[in-house]
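Structures given as structure tokens follow.
The same chain A turns up in both complexes below, where it pairs with chain B and then with chain C.
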Partner chain A sequence: MSAISIEADAFAPATAADLRVARRIMWTYISTGLAIFFLMMLLGIAMRAEQAGWVTFDPGWFYALLSLHGVGMITAMAIAGLGTLWYLVRRETPLDPRIAYLAYGFFVAGALCVIIAVFPGKFGSLWTMLYPLPFVGTYWPSWATGVWLVGNALVMTGFMVWCAQILGALIARFGGILGMLGIGYVFNIRGYEEAHREPPSPQMFAAAITAIDGIIGSTFGLAAGIGMLVHWIDPSVAIDPLWAKNLIYQFGHTFANLTMYMAVAGVYVGLPLCTKREYHTSKPLAIAWWGTLLFVIIAYFHHLYMDFAQAETVQFIGEIASYLAAIPVVVVTVFSGAMLVHRSGMRWSLGSMFLYAGMIGWVVGGTAAVLDATIPINLDLHNTLWVPGHFHTYLLQGVLLFTMGWVFVTLEQRSATITSLAMRWLIGGTIFGGAAMFLLSFYIAGANGVPRRYAVEPAPGPELATVATIGALILLAGIIIAAIEALRLARLPKAQEAAA
Partner chain B sequence: MSGLLVLELFLAIASAAVIVMLAVALYGSNRPAPQSEVSAKGYAIRRYWFWTILIVAAIGFAISIPRFPYGSAQTIGKHYTIVAQQYSFAAPPTIPADRPVVFDVTSRDVNHGFAIYDPDGKLVAQVQAMPDYINHLPFTFHTRGHYTVRCLEYCGIAHAAMQGGFDVR
Partner chain C sequence: MKSRTVAYIVLAVTIVFAIAPTYRGQIELPVRVHHLLHAMVLVLAAFTGLLFARSAAPAKGSRAFWLIVTIVAPMLAMFLMWPSNYSPLDRLPAAHTAEHLGLALLGFLTAYAGQQYATGVGVAMSLSLWAMAFLAAWGFGVSPPLQVQTAAAAPTAAAAANAGTAPDPHHGQAVFSQNCASCHGAQGQGGMGPRLIGESSRKDLMQAEAWIENPQPPMPKLYPGTLSAQDVRDVAAYVETLK
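On to the complex of A and B.
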């Protein structure tokens, strides 16, 4: 680590041309992410409709679609979040656009491999691909396993490329890792003030933690993936199933969890634009992000509570880390976001509404997660539909709303226009009402012990899947209407140079 | 804690969170105040909020520790071997009621779940069935009748149909 410098900043701000390029990269990432998200949502509805008995397809296809849905959704939200973060980092420090396109190329190549593994490969080992499942008793050809593994490795490589670029740029920008993480600022606030030096902005913390934890998580994921690729080439090379499980869940949990921390950058920048207030870095914010840096990478142990062979110590760590991970969220980020909005006189545009609702969704989804991360409760809920209930809340009512909020805030700022009241009610009503039906059905089914990942569910699964499918269709309608409204705003003439 | 009790707790906390967040956003929204004024009050409240959350988390953790399913499983009760494989369970036909037993659970092929549902269909205990490992699940049955076993870890095309069972007498 380099020494902390508190000299005044001397970097050159981005030019208008730089920002045009950065915005193009951001929109490329966001539109790709949201397009994939939309397609994955259609697959999700098809699967819930199948569980409800509305349509019938064979279990092999159900699990193949579920595999694609799981990997696709997380990758989609990650791509959108990484695009937003790349743009926000570029506003503050130089970045080579070619690296962003290189990472994007890896994502696209990885996504194509994953799609080929499913269509026509019918690969159905799910995103977890718990060793030795992709190789034992399979109903898909061996080549599909190889293509799936290569596809996942390409996505992880793309993520690593993105993380490496951002990490390098932030270290250079803030004079070392200590400066980047605000450690220098927290322990020497007076020195920063005297030198008229600003600490990293909140969105830079989001970028830094995504980059560090992303590299750690991808390393775990690649270790598992490469190990399985070696086994695929030479089956005599065996892997320890418990080690494989740890590696997979470390990566999977970190990657999925980070999508929220990527998207929250949109809140840090978007809410101040809506409220005309400042979301500035403070000591608690910096310390909260240090906690997040640690808890994101060790909370994954809660995925292995039911593996009693796992060392008991790490089960303790899993519960403690899962609890502590909630503190930075509810005490700092969400609390400060609510404080920003309180008595600000903010207009409830679609952008501000989605950003604020996303914070509520984050708290609600996080509550379900913390309860399930309590070991005695996990005994009753592990691998029931409670689990998808939690992460669908997290993704649909947290990450997606943050992403949509950021998109709408940007479009509203650009056109100096907000959506009509009737349209806001229509979009809000369909998205929140549909999501409530869709999500509650998961929680109720999970509390009744209905297993997740069942092509055919025991009672009361099918009845609740019917409610979920209706809710998902309403939600889908809301998202389509919102997308049309976003396109309308995007086509309006630019009112001024985009403030965002 | 049963699943339905957890659901009630979750709905109570989630509803409170939604109401509080909406109240914070909407209360006084027609009387804008300077950010410094709101921040001063907010930071004071946050200090209490931080300690409240930390204490609740500490209490939750302390309450949960005695209920952890790990520990002395290898020494108490009669042991029953459970072997899972795609797509069935090899399990004893009967288990005694009101006596502690330990299930020694493993798998012959891939990862499975060994989840026990009571005669009313309520999930009462579970553990993973892993190849190369044995997981010891301690449990005492107090209700007599037929218990259903389901696989709760995705294991292949017939995962949803992988079931077994035993009688508790």
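On to the complex of A and C.
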């Protein structure tokens, strides 16, 4: 495979062979991400079933499964989103496929390390481990802590590789940072129009913000990760607990947030395919993305409201940043998306349905987050199941639906076939119905003060866990049926081949 | 002035800055100050790399190699800033110089390799490297005073075994004289082993205990065995008093 000179070929159109390679990379990432997601879902159901009293296992295993489930879910969605985004960037500018595979290798190696740390290591202090927890008072062997830390560092390294590649490509494509962020376009729209220049497409904003904030987040994450790895090897090296907490949450919150911004690129490209209308870059869209770029890196402060040692000013900055990171881009994207669909005569295929429903899930999950980011409310809700309610909505009914929507839109376009009405009702009913039961249980439990991260919950936790488990099983059934339907569509001949 | 000339001047400044502190003889700097000085070496070195990349011919062929270098170099720099090595390095000027030059090389490579991969990536990775180095000064080997940490924070094995027992520096002095003075000097002034006067600026009580429990060679591991958990605690308390 020939190497690609980024700067020289920044405008070279992708050939059919290039796009074939790019699609292979995209499907490798997406299938890996969704496979991990499915396995993590099984772990999640096992934990809710245990809380409901359906099965019993050692609390140590509960926390080990919780650790794997948390880090696995976010990494799974990130891998799927990064694959989608890589393909979309490749359509507009050259990228070296080997680097995509290198990043993928880091992700897989990191995931394997994390799995080994849990099976058989029984590592149980989650990815939000708060120093000195992974080192002191543990029930798992020390090697499991080391392998867990190495695994996380490998995932961060893979993410850094991916981000650096995309950043370099976008800078070359748009002539610098100002061009890739649409700054030149926003302040000189007339000049762009007169010169017949195109601003970056909406999906390029998603890619740019992911790349820049990804490098910033990985920097913080690796600083904490290497610091803790050194402490694991050499316990005489002290770590400041508040420093570690800030760095871990800066990376973790940014990474989790970015999964949504990766996946939303699928909406920018997929929804126009369904509606036969273009999703244009506009001034509000560009400015909203700037807000995300700036504020997503400090929004994590809302995880530290209860840390008395954190400066009070920082807490208020965190509250405002949380609003500004999420609200503008949600409003602009969802409003534009709704306008795109309005009176378009779009057929509600599985692809378009998932993309549209994903926007609703994004709004619901985002609203729960904004509530939690409000200091007086946070004090009551943050340590309850309300917060898992928020991020499960965000991931299950936002990021996952965007990813599934993109997968189905691609398969439907390829085969020029949409799923039968009965099957759409079955899949939609099980996925949305199951998710509603599963997610509402979190919110209701959280509002009733049931604490999170506990293997055994006080009332009404177990009763609601029963409802949640039933909901999760229905959701699982829906996802399995959707996966079978996706495989059926993938096996159909390409539209033009069928016509020939 | 040509870009390459400026690059050579900055390179010279970087090297002088990197090796100058090591000719001051034995110095005892707090870890935070040490990190910040290292960060300055990295700033200068990466700036040098950016200048050299500016006047260098674009890389030919595959650039994937350069991307790997620019990603890995900052991580290696962070490992090189391993805080417990500072104290021994302070007493070994040649090793200290080598460490600084290693940091300078990693800083240079981060910037140069990044720019060789694609314009702008070297700048981004240099910022990442600097951020890591400056962040290190606020928590990597640097810990707030014991009293502001939570009660559950990092109890050592000795501390756990003696929870509630106050350390006794007087008894610690006696234990020190019998087991430690032959290497560290009767007053902790140093000898075959490092000088311990002012150790409290580098390690708090808990860290000193952790070090005695799990020392790095060539310091012998005397706990558990020769020293009891209470002995460890008392010796650590005594070392903390050495000013």
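Observations on the model:
Convention: the second predicted complex is superposed on the first by the 484 of 500 C-alpha atoms of A that agree within 3 Å, B and C clash if a C-alpha of one lies under 4 Å from a C-alpha of the other, contacts with A are read in each partner's own complex, and residues count from 1 in each chain.
One rule holds in what follows: contacts are C-beta pairs under 8 Å (C-beta built on N, C-alpha and C of every residue); 3 or more make two chains touch, one makes a residue touch a chain.
Owing to the predicted nature of the structure, the values given are computational and were not obtained by experimental measurement.
In the superposition on chain A, A:V186 contacts neither chain B nor chain C. Residue contacts after overlaying the shared chain place A:A321 against neither chain B nor chain C. When both complexes are overlaid on chain A, the residue A:P241 reaches chain B and chain C alike. Contacts of A:D380 after superposition on the shared chain: chain B is touched, whereas chain C is not.
By the document's definition of touching, both partners, chain B and chain C, reach A:P132. After superposition on the shared chain, chain A has more residues touched by B, the comparison being chain B against chain C. When both complexes are overlaid on chain A, the residue A:I99 reaches chain C alone and has no touch with chain B. Of the two partner chains, chain B and chain C are each touched by A:A309. On chain A, the surface touched by chain B in one complex and the surface touched by chain C in the other have residues 132, 136-137, 240-242, 309 in common. Listing the residues of chain C that touch chain A in their complex gives 58, 61-64, 67-68, 70-71, 74-75, 78-79, 82-84, 114, 117-121, 124-125, 128, 131-132, 135-136, 138-144, 148-150, 152-155, 203-204, 206-207, 210-211, 214, 216.
Contacts from chain B toward chain A in the complex involve residues 1-4, 6-7, 9-10, 13-14, 17-18, 21-22, 24-25, 27-33, 35, 38-39, 42, 46, 49-50, 53-54, 57, 60-61, 64, 67-71, 73, 86, 109-111, 113, 115, 117, 121-128, 130-137, 150-161. Residues of chain A that touch chain C in their complex: 3, 5-7, 96, 98-99, 102, 132, 135-137, 153, 157, 160-161, 164-165, 167-169, 171-172, 176-177, 212, 215-216, 218-220, 222-223, 226-227, 230, 234-244, 247, 309.
For chain A in complex with chain B, the residues that touch the partner chain are 59-60, 63, 124, 126, 128, 130, 132-133, 136-139, 240-242, 245, 277-278, 284, 306-309, 312, 315, 319-320, 323-324, 326-327, 330-331, 335-336, 338-346, 356, 359-360, 363-364, 367-368, 371, 374-377, 379-384, 386, 443-444, 446-449, 451, 453-459.
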